[in-house]
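The first chain written gets the first letter, and so on, giving A, B and C; residue counts start at 1 in each chain.
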Amino acid sequence: MSWALRTEGLGKAFTLHLQGGTRIPVLHGVELAVAPGECVALAGPSGAGKSTLMRCLYGNYGAGEGRILLRHHGAETDLATADPRLVREVRRDTLGYVSQFLRVIPRVPTIDIVAEPLMERGMPRGEARARAAALLARLNLPARLHGLPPATFSGGEQQRVNLARGFAPHYPILLLDEPTASLDAGNRAVVIGLIEEAKRAGTAIIGIFHDAEVRDCVADRLFEVTPMQAAA
Amino acid sequence: MSPPLLEARGLSLRYGAVPALDDVALSIWPGEVVAIVGESGSGKTTLLRVLSGLLRPEAGTVLYRAPAGATHAVHDMGEAALRRLQRTDWGFVHQNPRDGLRLGISAGGNIGERLMATGARHYGTIRGAATEWLKRVEIDPARIDGLPRTFSGGMQQRLQIARTLVTHPRLVFMDEPTGGLDVSVQARLLDLIRALVADLGLSVLLVTHDIAAARLLAHRMLVMRQGRVVEEGLTDRVLDDPQHEYTQLLVASVLAA
Amino acid sequence: MSAVPAARPAEDAAAEGGEDRSDGSAGRLAGYNLGYLDENTKRMIRRTLLKAVAIPGHQVPFGSREMPLPYGWGTGGIQVTAAVIGPEDRLKVIDQGADDTTNAVSIRRFFARVAGVATTERTREASIIQTRHRIPETPLREGQIIVYQVPMPEPLFRLEPRVAETRRMHALADYGLMHVKLYEDIARHGQVAISYNYPVMVNGRYLMAPSPIPSFDNPKMDRMPALQLFGAGREKRIYAVPPYTAVKSLDFEDHPFQPVRAPAACALCGSQESYLDEVVTDDRGGRIFVCSDTDYCHTRQAAQPREAAE
């Protein structure tokens, strides 16, 4: 079967040196595969390791064991062992991540935050800003806010900035961590529309959706994450 | 991928019995911002001085790849060639602007010095470049003839950055560029550095103990302790999933980095 | 050398007090080596001079001796003159262009007595000209030597306080800082505000202080047929510019070097070309401009019809 992202025996444990070297195993033997155009929702109780898995898939947490394979520039790349510069390149061209919270960069206007990943790929500034503005408008963020840094925005507004930044570059693989948590019904519908469009365009999506309505709407299947699942 | 711009291997240096650098290796690629973090005395400033040729290591090599493709061993290249490198291809931003500026010379003269040192002999052109760079670092161009000693600390630091970047260096060494500044001033400076680095495609080696600054600016990070690199990798991975005991302590000591 | 003194205006001979003697050995003081310095010291200075000539504009250290006059009165220039002077030479000494000031008279008399050489006030006749703060208006020719008295040989000393650093800057031809100073002048005053000791590049390599001559004299140094020697006694440095060496005053393309001269004619000889001194003539602020080069002015006056000069 064709896949965009696949894990093999992925495991993750944390060693807390400041607490006497306590070792906390979180993931073990995770076998996940997502095809292009497919949306997989991570499911499982709180604390099962859904967010940890997402962060491992993005390379934000180092994989303790196993492989994270993804198709990058047409080749099979193991993110678990990739050199930091390769991880950066993968994140630039292949792998997007919408986290729950926007990490605010002081003084940078909203529109530039959204346009930045496009420009990193070499898109001219004007074109990148135009696409950013269109996406922000679609997410109901009024144009008068585009020139302001989002530091003072509400939680919902910041989340929409984050979504625009994640959806603008059309990554082949997109990770969504509770993308609709602080959104109203109208904006949830916009996000559902964005996800549907991305899927039609062939994007492989992995998401954590606490909102059952959204999940039922976009997810093709569930992937159950249970504490130490494969150990069973 | 392209070869690294600067590549150091096996760097060792002792101050008396104290190891300042203990078998340190580091590479930086074009367009990359690499932060070197660690507490005072961890050897990070020493490392920066060795990498930039200001200090000679007892062991190890630092190779620099020039634009034409030739590779130079930084500590074997001779003082004249090294100076030429330091005032053209490289830049150095000091923690204390007094070390990087001439306080008795106007802002315009400070920015123009590197241009004149590399042969610029047209007053109008030099002045135009100085005006342009004052704008870029958000200093009112009307202050072009003002003396840096009449500037605030944040302005002095921005002037130092303008003075360093005016010759479009490829590699800039920064030693605690935001140290000693108010938090609000720091944020502005960090953002300015961030924008300039991206616009000019600079490679930056940034020494700092400010974890938040490192997260904002750096693509990659090295954590130093007692002269050794104890952990290195992608900035967000080192900070969010620290492996070494010392890195965990460092991250835990910072509020909301 | 001719034993007959050249014909000269009467007032000059009077001022000189008959000191202008040409039969050197007869007038030399007993008990002193020729030129005051001992032969080993002269040899040391000559070796320094050879090195200085070989590296135009480069400051060469030398073992400066105590001389029978204080620092600041030309001890460096005197030692250089003493090392190159011979019984056949004819010496001219000027101070601010004038042959008749205390310093010039003293040094001339000194060499007349310890070297027994002939002296002159005529630029054309002199084989060695020791000078403080001027270059004669009459162009120097091949075979002549001009010796400058130098208070501070380091052109960068006001800009870079560390001596070791200035040496490194010279070694690496790292002279951006000197241009920064010129830049500052133009930014503040609209022009380079250096009227004397205006820095020059020698032979395209070394930055050099031309001693405190007016910048008006700088162009005379460029490709000068005479040998130019510079002595700094207190700072213990000697440097040189060989004949026909390029000497360029620093400037910017859009602010070219411009020698400055008072916009007036000499009140005595009417010269429009020479460098002028401003002389206060009374207590009510009256002033005139006269040539700073007294020999030049006298020669011009003598050449004019008597009624015109009176």
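Going forward, a residue touches a chain if its C-beta (ideal position, glycine included) is under 8 Å from a C-beta of that chain, and two chains touch if they have at least 3 such contacts.
In UniProt terms the chains read A = Phosphonate C-P lyase system protein PhnL; B = Phosphonate C-P lyase system protein PhnK.
Predicted model, so just to flag it, every value in this text is computed and none were measured.
*Asks:* Based on which chains touch which, give the shortest step count from chain A to chain C.
*Replies:* The fewest touching-chain steps linking chain A to chain C number 2.
*Asks:* Most central chain by CA mean?
*Replies:* B
*Asks:* Can you check how far apart chain A and chain C are, centre to centre, with Cα atoms defining each centre and the answer in Å?
*Replies:* Here the centre of chain C sits 79 Å away from the centre of chain A.
*Asks:* Could you please state the distance in Å, as a whole number, between where the Cα atoms of chain A are centred and where those of chain B are centred?
*Replies:* The mean C-alpha positions of chain A and chain B differ by 32 Å.
*Asks:* How many angstrom lie between the centres of chain B and chain C, each centre taken as the mean Cα position?
*Replies:* From the centre of chain B to the centre of chain C is 48 Å.
*Asks:* Residues of chain B touching chain A in their complex?
*Replies:* On the chain B side, the touching residues are 1, 29, 32, 187-188, 190-191, 194-195, 216, 219-220, 233-234, 236-237, 240-241, 243-245, 248-249, 252.
*Asks:* Please name which positions on chain C make contact with chain B in the complex.
*Replies:* By the definition above, chain C touches chain B via 168, 171-172, 174-177, 179-180, 183-184, 186-188, 251-255.
*Asks:* Under the touch definition given earlier, write down the residues of chain B that touch chain C in their complex.
*Replies:* Contact set of chain B toward chain C: 79-80, 83, 87, 102, 105-106, 108-109, 112-114, 116-118, 121-124, 126-127, 144-145.
*Asks:* Within the complex, which stretch of chain A touches chain B?
*Replies:* It is residues 14-18, 55, 59-62, 84-85, 87-88, 105-108 of chain A that touch chain B.
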